[in-house]
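Shared between the two complexes below is subunit A, which has subunit B as its partner in the first and subunit C in the second.
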Partner chain A sequence: MKSIRLFALAAVSALALGAGAAKADPVKVAYLTPKTGPLAFIGAMYEPTVDFVAKPFNAAGGWNGNPLQVTIYDDAGTTQGAADRFKQAIADGARIFIGAGTSPLASQNLADVQRWNQRNPDDPAVLLIVGAEGLNFTGKDCNYYSFRFTTTPYIRQNALAKVMKDKGMLGERIYSLQPDYTMGREMEAASDENAKTYGYEVVGKARHDVFKIRDFSPFIEKVRAAKPDTVFTASSGSDLLLILQAASASGLKTKFAGMFLDEPGNLASAGAAALGGYSAQIFNAEAGGEAGEAYRAAFNTATGRDPVAFMSNGLITMTMLTSAVKSLPAGSKINIKQLITALENNKVEWPMGTLSMRAQDHQLQLPLVVSIVLKDAKHKLDGTDMGFQPVKLLSAEETSVPVSAECKMVRP
Partner chain B sequence: MDTVVVALLNGVIYGLLLFMISSGLTLIFGMMGILNFAHASFYMLGAYLAFTAVTIFGFWGGILVGTLGVALIGFVCERYLLRHVRSFGHVQELLLTFGLFFAFEELVKLFYGPYAVAYSVPESLRFAAFTIGDASYPFFRVLIGATAIVMFAAIFCLLRFTRIGLVVRAAVLNPDMVRALGYNVSAIFSAMFAVGAGLAGLAGAMGGAYYTTSPNMATELGVIVFVVVVVGGLGSVGGALIASLLIGILVNAVVYLDVTFGQILATIGLVSQKTASDLLAVPLSSTAGVLPFLLMLLVLMFRPQGIAGDDRA
Partner chain C sequence: MKSISYILMAAVAALLIVLPYVGDLASQNLAIKVMIAAIFALGFNLLWGQAGLPSFGHAAYYGIGTFATIYAMEAIDKGGFLPTPLLPLVGAAAGFVFGLIAGWFATIRTGVYFAMITVALAELVSAIAVKWEGVFGGESGLRSIRSDWGPFAFQTTTSVYYLTLVWAVLVMLFLYWLQGSPFGLIVRGIRERELRVKFLGYDARKVKTLVFALSAAVSGLAGGLLAISDESANMVLFQGAGSAFVVLNTVIGGANVFFGPVIGAALTTCFGYFGANLSHFWMFYLGVAFVATVLFAPEGIGGAIVERARQVRAGERALLNLSDIANLSALIVAIVGLIILVEVTGTICSESYRAAVASGQGVWPAVKLMGLSFNPLSPLTWIAGIGGLLLGTWVLLKQGLAKWPSFLRRTELAQPVGTGEAK
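Coming up: the complex of A and B.
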């Protein structure tokens, strides 16, 4: 049996050589994400998305017979860890980096890539930022060698306000309750900026410390005193859960609109408090019709759960990367500049609509689904009786916001 | 007026929850002098144990299992780990419990995954105890507060008015003498540690249901329990209660005050109106999380023994 397999293997490799194809050098991709430490849930979200895209791509022949080899490096959620793993990955021969962490981690990744590229202009590296929403990555820090595959708070707030206004759910009094770091500040600024466009007034603002506050009831009472129709929040994780629970326990009836309610575990943990919450989602199977349902089913079969939250960004990143790699001319090694051009020109079909990369600032142009948490949603999440029911699917053109004036990309 | 009453009430209840978590540490760190970094982990373990047991024994059974289970874990930690390093001093205790902190966190992630779990207050307990203006006040919050008060009374009376309390206090002050009088000091220490851990377990079982139960809950609370004990005064249960209430009310009050740092400094005349309105336009509410640490700093500067601590420390 063994000898037959060996023989077959030998035959196949002989065939490959005989066909004159390049030797099967893998295209090395370094995936930097936290797998241990307090941010381990981030890595746990991204990990299943890698194989889901890479496996079929490689099975279909990869890049002219060269497989895509994605190695996951654990940065432990610290910038020091990220810097160390970057060096390790460079030594391992990777030049394509996927930065799948928080904004501070992505900043570290970007600094590392920039430094490497300054010292090695003939052998550059490229960074694909999966989930960091800080405005700076496509603003003042926009870079020819870095791409962002998620939204910014501006894009999400705009989408939420647009859809809720359309459906008459927004109201005229808005409260902005934000986590006190870049994302929250940007969401607050976005809420201010869009006030005229969508005809509302920001009646109150508050920022809270991130992951330090157990009891949000004082914030909720403050919100109640301002009598808003809708509360915008960029809070995530346990902060978001605690806010929703405090609101529901004290009988506050205001609508909450945010973007991270679909993180794994959130619906289960928030329970009935999540009902009626609005979320700007990257992926929603029901909104995608047949294609969306098929995608959800395939992902669920492969990984045991539905694609939610930043998992979708992981899938988008991998899909756009493989599609760009596929379009490159055959050779022994990936030319990073060609890859960048391919990423810029690529248009990828995704169950929600067309994805593309804007060349001016390397910001992903993507469709968004604004959904509401309801009991009669089609797909229940986390073993609860609740799910996200799409209110409206916005196309990539509708969600797009203009290029930041701060972005001055230097092209070689 | 309504808002002020609700704010005050919220502050008091939050303070009581803080007391619930840190009362165990008052015993362990304050009285026994063990620098137990893993105390917040006991809080987390209480929540997870209760979450696991709820499906079998119901909500109250779950809380009981959480409390007793963590007390048992605490006992094992003291008996088989801490006791061996005690003679080497505080640094070893600190390192050991610091290690336990990480071990517990990773263990929980291993078994329950990295996300928050669905542990919440049962439907039958989700009702409003009373309403003030528009705000309804959840019954479970009142229950948390009441439990903390009962806990305080029990610890206080046990230590102050019973023979066991007398022996325990003596064993802490002068273990050799108590041993010479024929008491088993090691057993007393183990039992105290178990009780301290169990109290954290109870707080976790109740707090985890009302707030969230996730592997990060220990990290989030990690140091605040130390703040309570230090501000209150080492070894003083009453001091811990006062410190908890103070922190709870302060944190709540600061969120309601709609002023920025700039405005405060400009009123005193330290900075110009212009600097106040752009550079220093930081709302006071965003300091709610740091405030306890500021309080600890002030207390350590002006009253190092804590609010109700004796001069022994």
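Coming up: the complex of A and C.
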């Protein structure tokens, strides 16, 4: 029996001895994203956006001749995986982190970065959060060393309500049908808060379990009973599809407004049920005019698909990072504090308008496109005959919402 | 033989002790995660291997241990009195209490129904964790920080490594002792023939509930160590993947050997750690390994080692002979064949590849793999893949290293496998 114990111990220790080799010179960026597991679609969305920005940047000389070396680490969609990959990336020498996962994963990344900085104040790391929309990242957890490159449910709800009100499509009766987790609860709060501003009344609220419900018709009947003009929802993925299909099957004529209809594959799965749905988008080629079309075409040539949903956030993150890195004075190593200042001060042109980073809470200030799903949209999606037709392009100033009172950023 | 094993054991112990001095941060972290996965798998195997009760919801107790420990860490940070090195006991206690309740419910039924109850309870905890933001922190989870205790500082990964190592050794000693104790014998008796144990006057239900709680406590302790290592807890811990991985570890390592789950945990954790960076399809390979183990080598890797050790001791076989080399080569050929098939298929189905085909005016670029280029349009690629897989598998089956699954062998029911250490 001894030999078995030995074998086991030997296996543990032999396998434990793997070590990452270190290289010098390049600006190391660790890109933490789920590439495998149930959230693998997220990594698949972000991956093509990395090279699309990094390649031309490096071809043009990078940072004073030092290339930007973006290594993708697969966190497998678990917080434990994210913590492991963070430590691995630190050991590999990366101090610039891009957290491209869901809110739980980004929270883990942020916690790891915070603790690293607490213990190594002379060698800090910085985190760029790509797609996590939780309020906390620019609210109670706002941090000098972290930046958020996407919206919050407040920003999206505000944009949707603003444009729909302007165009007279909002109505006065609003229903809030939300997934029962942080994002949905925040969207619900946003719908309540904006009621006065946009002159509507929230006539009903419901929350549903996430990815558990197969038949949404009871929810749809509740919606029908409240007779709303517009339903706001932060539901995503299969939940959103099932909601739209249930609504369409029961002949409910209410407009749906949300934020996730342009995720890859959603239009194809929802079919005609998606028609007339409103979405607050980060990027819409048609809304961007010539620049937008050119950007879409270039991205399509390089990767074989159009930039949709959070892919645009991936592109924005990389673009703003490269632009900030470029502006730094030459040296042997990137100074993280200089990089943070550069990120705060940089203004970057993007086909939809100007992007900037608000210094107070490190929330991206970005233009948004409110679009409607129509058959006569210019760009059809997912091989369907439908696409997103822009209703209005809001500038970064118009989409901006005030800094959260909970954010108390400590600046060194 | 005996002296060799002692020397080897001393060498392994020495290696584990000096690891922080020779390895970097990443390797220490990997070793910590291996040990945590090993403790978790050992706790799970107490229930499965020893008591014969299949639980498919062990992530619940693991996660509860993590959350309880995070709360305790927070309390210490705010001036509590608990020493940091004893934190895993908080996780263990939480796991024990919850395991007692869950075990009481689950052991009302046996077999498939027992397994269903464990799944349901895990789902229940998971659903509560998603909704109860005040306790579980919602999507952003909870975080805390390790506090120092007296002369011991716990800020570095090295200190966490040693803490985990000490706890891993303690847990292994405890479980090993438990296995040999009278209680352990009754537990195995229940696995073999519950009715007889009842006739002997034991309350089988009570024993099962207790062993369930102990298993949950060890899992909770593993969760506690995770909290110390990662300093955060998230509701994601409660989701199905955790429950699935511990089953995977135990089956691949071998449920009937004490160290089987440790081997399984070490292999899958390391595979996940390195494999994820090497191949997009590492989870698929893990799945294939699991299915292959269940079908062809149900005793797992640990079981195979025990069997070989027994044969060597009995003088039936040499430690390594020619047929082993043939078998190993066949295994490698089969694996290489599988890798070629999976990677080439996977690559040409990816969007970036299709984009490359489109931009190259319909030319299909070669797939780079293991330093070689494979042309996906050439039949040679596919012959190499399918041929390697079939040839390797055929040799393995012929040689008897792998066994046909029982339902294909058309013999009577498979014999119960020996209990390894118990003999």
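Before moving on, here are some points about what is shown:
The rule we apply is simple: the second predicted complex is superposed on the first by the 388 of 412 C-alpha atoms of A that agree within 3 Å, B and C clash if a C-alpha of one lies under 4 Å from a C-alpha of the other, contacts with A are read in each partner's own complex, and residues count from 1 in each chain.
As a working rule, contacts are C-beta pairs under 8 Å (C-beta built on N, C-alpha and C of every residue); 3 or more make two chains touch, one makes a residue touch a chain.
Computed from a predicted structure; not experimentally measured.
Looking at the shared chain after the overlay, A:Thr303 reaches subunit C, while subunit B stays out of its contact range.
By the touch criterion defined above, A:Thr36 lies against subunit B and subunit C together after alignment on the C-alpha atoms of chain A.
In the superposition on chain A, A:Ser107 contacts subunit C only, with no contact to subunit B.
In the superposition on chain A, A:Asp209 makes contact with both subunit B and subunit C.
By the document's definition of touching, neither partner reaches A:Glu397: not subunit B, not subunit C. In the superposed model, C is the one of subunit B and subunit C that contacts more residues of subunit A. By the touch criterion stated above, A:Ala44 is placed in contact with subunit B and with subunit C alike.
Once chain A of one complex is fitted onto chain A of the other, the partner contacts of A:Asp180 extend to both subunit B and subunit C. Within the superposed three-chain model, A:Lys222 lies in touch with subunit B and out of touch with subunit C [touch as defined at top]. Within subunit A, the residues touching subunit B in one complex and subunit C in the other are 36, 38, 44, 180, 209-210.
Interface residues of subunit C, counted against subunit A in their complex, comprise 2, 5-6, 8-9, 12-13, 15-16, 19, 22-27, 29-31, 33-35, 38, 127, 130-131, 133, 138-141, 143, 145, 155, 157, 226, 229-232, 234-237, 241, 257-259, 262-263, 266-267, 270, 272-274, 276-277, 280-283, 302, 305-306, 309, 351-352, 354-356, 358-359, 420-421. Residue ranges on subunit A touching subunit C, taken from their complex, read 1-13, 15-20, 35-38, 44, 47-48, 73-74, 76-81, 83-84, 87-88, 90-92, 102-104, 107-108, 111, 114-115, 118-119, 134, 136, 141, 180-183, 185, 209-210, 301-305.
Those residues of subunit B lying in contact with subunit A across their complex are 3, 6-7, 10-11, 13-14, 17, 105-106, 109, 113-120, 126, 128, 131, 134-138, 140-141, 207, 210-217, 219-221, 248, 251-252, 255-256, 283, 285-290. Put simply, subunit A touches subunit B in their complex at residues 36, 38, 40-41, 44, 180, 205-215, 217-219, 221-222, 224-225, 237-238, 241-242, 245, 249-252, 263-266, 268-269, 271, 382-384.
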